[in-house]
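Have a look at this one before I ask anything.
Naming follows writing order (A, B, C and D), and every chain is counted from residue 1.
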Amino acid sequence: MIGRTHGVHAEPMTFGLKLALWYAELQRDLDRVLRARAVVSVGKVSGAVGTFAHLDPAIEARVCERLGLEPASVSSQVIQRDRHAELLSALAITAASLEKFALEIRGLQKTEIGEVEEPFGKGQKGSSAMPHKRNPIGSEQIVGLARLIRANAMAALENVALWHERDISHSSVERVILPDSFIALDHMLRRFTRIVRGMVVYPDRMLENLARSRGVVFSGTVLLELARRGVSREQAYEWVQRNAMRAHHEKRDFKPLLLADPDVMNVLKPAEVEKAFSLDDQLRNVDQVMNRVFSGVTAMASA
Amino acid sequence: MIGRTHGVHAEPMTFGLKLALWYAELQRDLDRVLRARAVVSVGKVSGAVGTFAHLDPAIEARVCERLGLEPASVSSQVIQRDRHAELLSALAITAASLEKFALEIRGLQKTEIGEVEEPFGKGQKGSSAMPHKRNPIGSEQIVGLARLIRANAMAALENVALWHERDISHSSVERVILPDSFIALDHMLRRFTRIVRGMVVYPDRMLENLARSRGVVFSGTVLLELARRGVSREQAYEWVQRNAMRAHHEKRDFKPLLLADPDVMNVLKPAEVEKAFSLDDQLRNVDQVMNRVFSGVTAMASA
Amino acid sequence: MIGRTHGVHAEPMTFGLKLALWYAELQRDLDRVLRARAVVSVGKVSGAVGTFAHLDPAIEARVCERLGLEPASVSSQVIQRDRHAELLSALAITAASLEKFALEIRGLQKTEIGEVEEPFGKGQKGSSAMPHKRNPIGSEQIVGLARLIRANAMAALENVALWHERDISHSSVERVILPDSFIALDHMLRRFTRIVRGMVVYPDRMLENLARSRGVVFSGTVLLELARRGVSREQAYEWVQRNAMRAHHEKRDFKPLLLADPDVMNVLKPAEVEKAFSLDDQLRNVDQVMNRVFSGVTAMASA
Amino acid sequence: MIGRTHGVHAEPMTFGLKLALWYAELQRDLDRVLRARAVVSVGKVSGAVGTFAHLDPAIEARVCERLGLEPASVSSQVIQRDRHAELLSALAITAASLEKFALEIRGLQKTEIGEVEEPFGKGQKGSSAMPHKRNPIGSEQIVGLARLIRANAMAALENVALWHERDISHSSVERVILPDSFIALDHMLRRFTRIVRGMVVYPDRMLENLARSRGVVFSGTVLLELARRGVSREQAYEWVQRNAMRAHHEKRDFKPLLLADPDVMNVLKPAEVEKAFSLDDQLRNVDQVMNRVFSGVTAMASA
């Protein structure tokens, strides 16, 4: 399929590469959430201002052990809220990752692109007024909910600075942002899982879109081949852009234009031009990337 | 000194306990920043859409090695922005910790409290219009700058979701939030270090404030002593509150009131009442807390 | 051109309608900014705590008059920061409007859509590596800068609550957010103006895209025509969706499918089907909308 | 009472002046909320993309009239979200005002200050463990809830930029932030009203605190009197600060120190020094401020 930067066709890639990127990012998200869970898994039974005036640290140790918590090495009336801010930040970053993935699906489901679609039940109505529509409403919802969770993370950051041994200004905030963020993220994860499981991928459409630019997406390769043979980058750029623009405006294929361009053909042999347009050649290193991302996974699966 | 919750006198504590809490929190901040540094210390030379179409992963490996970076296992045109969001979150949480510490100093420097003051140079003017004033302007500035850095973290969270293989919407944002956040936090850390190094602590004032409530801050201890001897919590609460209110309204000492209360003295011996008002007894466990926080430090120092 | 909801083809509309929407929104933005300017255009010379202890309110009145400000009816050491929060909110909403308009251009410039492009200078390079690319980088930058300004608005909201007659925590924040927000929004407005002035609109591509769905975008009209003639909404929906799906999957035109559907043709006459596919009919009310938006403008221009 | 800047005694003021400031700010908040209500009180029945393809604008006009709404002059599938962002911003600024007022009460209720207290029911427990405590928990809750509402305003700003004629990403967000913000602000307003109605003000304590600095709070007046008689500001500053520091460190009254300072007494007569310490003189202009704030109110009340 075509890779897109700035929303514009860039160079060929594979759909699997997008998924590998998601997978690797979710591993980082998981790391962050697990670390944050450890950071908040502390307890304190140290009294009103943290002095253990009325009972011994040994009791705190026993209570925490029962609850599966570590005793906080020092506390005021409360566990310090930098811990909760880390937790909410980890949730907000995870939500932002899902937002990115959902945005990708929304982008690929635009009518003119049509490479991927959210699952769409047989009896499901796409739109109450427009029977032809299939809208990526699950992905849109995920994008929206990410805004909520990052707003909650903001409030968690404001909760860190309490007065002296605590004031209770954080409490009303946490009663909202903690359950709401977990519930929203849980929902986002479940919904996104369903979307990925059922998503419909259209390889034909991917190839069709790849072909839309009449070969111009290989212009970077041609540019490099020219440069490799000693043409200055500026000169090569001018030759390539000239033909790319012509392909665009005259709706003609880019390759034949190059093959007919005397400047270009003074430098490149026809076979070299052909090779610059080879998808197999462009994608020869993708397997290595997949191995880098999933090698640990394979190991785990075979264990 | 008195510990304060809700801004109101709670129970006795020590100033060292506040500092131990700061120390422990800064360790967590440091952990977060170091982890975030590792997370962003990755590089990519994988081409326009991450396929290595024009050069081999081996080159990426060599370039990254030279730069002291890890190659990202998979990338699009760019390194994914969840990494930068983690970095900005770590900076924002650290800034919020400093905000809390600075807020503590501001609280203790209020005229009526006067237990701690920011350093104040000999020739320094406290206020252009009011020569008597010594304002905690360093701490106030630190509180303000924390707002900036958490706002920047918010923008970093919005930067995660780019279109397809990248759009450049994150770039203008990062040109501001990355340098600004580092510069602001660096300044906050330097300024706060100067404040802590030079801060003036008034132990006499701490004892004076501790005595202001005429012993009422020991009411929790008395309550527990009564409960320990079989008085129902409700009953004990009523007896203690009754005397505490009288001490407050009649400006009399709490201990003699208790010693003259027949209900209380039916249960407690005079020596037991005396013990409930002992600072040494209240603070007997504080050393253990200090050891928990600083034991690793001592070990490091002796290594 | 086709109107899009959820990124998916909905119903025909005109490009002018999008611009009218932008125009109307910018009027509201302008209102908000002008009101906020009035709200912050106040002054105070009321002394250290707002009592006029050392000089008379008459002096304040004269100073403010010279500066083109209204005297604040009451002040502490400072003008209250709810005023500045309103200003920053007005800037942030305006930035969000520009973000929306820029997002529209980015969406329309996606390769497969290609209906609108940012101006692109003759000698300009679209991409250093890919000579064929024309990227909407101006619009992407505008989208990014909106994030900065709304983060600044957040910090302004935190600046409202100062201690007693003022603390100086707001100052370091305002030194950044006030100039930065104005500079960024000014840049966004100038850049967006240049983009709109020079933007390239492709009407042929609009019609081409409109035709992509083979008439299915008129399904809502057909649905209503059926319902108007007494077919239950559920029944009509099923008939229309059935043909729409067939058009989609078999790549056939929607209208002939309907004309061949006995259920549909039992209710509608062929001419009625034809009328449901008329662009002129669909867009008959658009001029009224344009008049509603621009009537005041015309009045002003003719004045 | 003493006015405080930076949390430090500044100059005398009155408690009424604080309330007048609150009153004036709430008028601005009310203005903002009413304007925002007008801005969101619009409707649209313009179809899927705003073209009125299936029904006439006249119907929209009638529907809106019934609902007490203005028809939006132009719309897409939805009413534009800059309107809702203005509404949420107005709510967030109002919440920040209440946060400021609540922070004032919290500051004045600190044990050492004790000038104002939230109402505290006869049978109410101040703290489950510490019977002597009276905590400003209502004000603390108000401070916390302001964080939530401003976070929601942030999400509303992110909701403005939807794709083309609408995407539905704003919907899940609005289902939370609209009801939550109204409910939280309504609660804050009701609770703050109860707090203000029942708040306990301690004028004796105000005078006691005013006297704590042994007259040093009048140093600004002395400084101005010296300057008025031709002493350079630097010189006067040095003389005044010298005596202020002595008063502070030796716990002596400031006035006698001045009266015994030959430099000062070379310039000022004893009666002039006395006048500089007059509360009546300092507060002579406060009534004018009250009139400025409440004159419209009186007019309304007498109408």
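Quick note on the criterion: contacts are C-beta pairs under 8 Å (C-beta built on N, C-alpha and C of every residue); 3 or more make two chains touch, one makes a residue touch a chain.
It should be emphasised that the depicted structure is a prediction, and the values quoted were computed from it without experimental measurement.
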Pair with more cross-chain C-beta pairs in contact, given C-D and A-C: C-D
Relative to chain A, chain with the most remote C-alpha centre: D
Separation of chain C from chain D, taking each centre as the mean of its C-alpha atoms, in whole Å: 33
Euclidean distance of C-alpha centroids - chain A vs chain C, Å: 26
Per-residue multi-chain contacts in chain B, two or more chains: 4-7, 10-11, 48, 106-107, 127, 129-130, 135, 137, 140, 143, 150, 154, 158, 163, 167-168, 220
Chain C residues within the chain D interface of the complex: 3-7, 10-14, 17, 20-21, 24-25, 28-29, 32, 35, 39, 46-54, 56-57, 72-77, 80, 82-83, 85-86, 89, 92-93, 96-97, 99-100, 103-104, 107, 143, 146, 150, 153-154, 157-158, 160-168, 220-221, 224, 281-283, 285-286, 288-289, 292-293
Residues of chain D defined as touching chain A within the complex: 48, 106, 127, 129-130, 135, 137, 140-141, 143-145, 147-148, 150-152, 154-155, 158-159, 163, 167-173, 176-177, 180
Contacting residues of chain C [partner chain A, same complex]: 2, 4-11, 106-107, 109-113, 125, 127, 129-137, 140, 154, 158, 209, 212-213, 216-217, 219-220, 223, 237, 240-241, 244-245, 247-248, 254
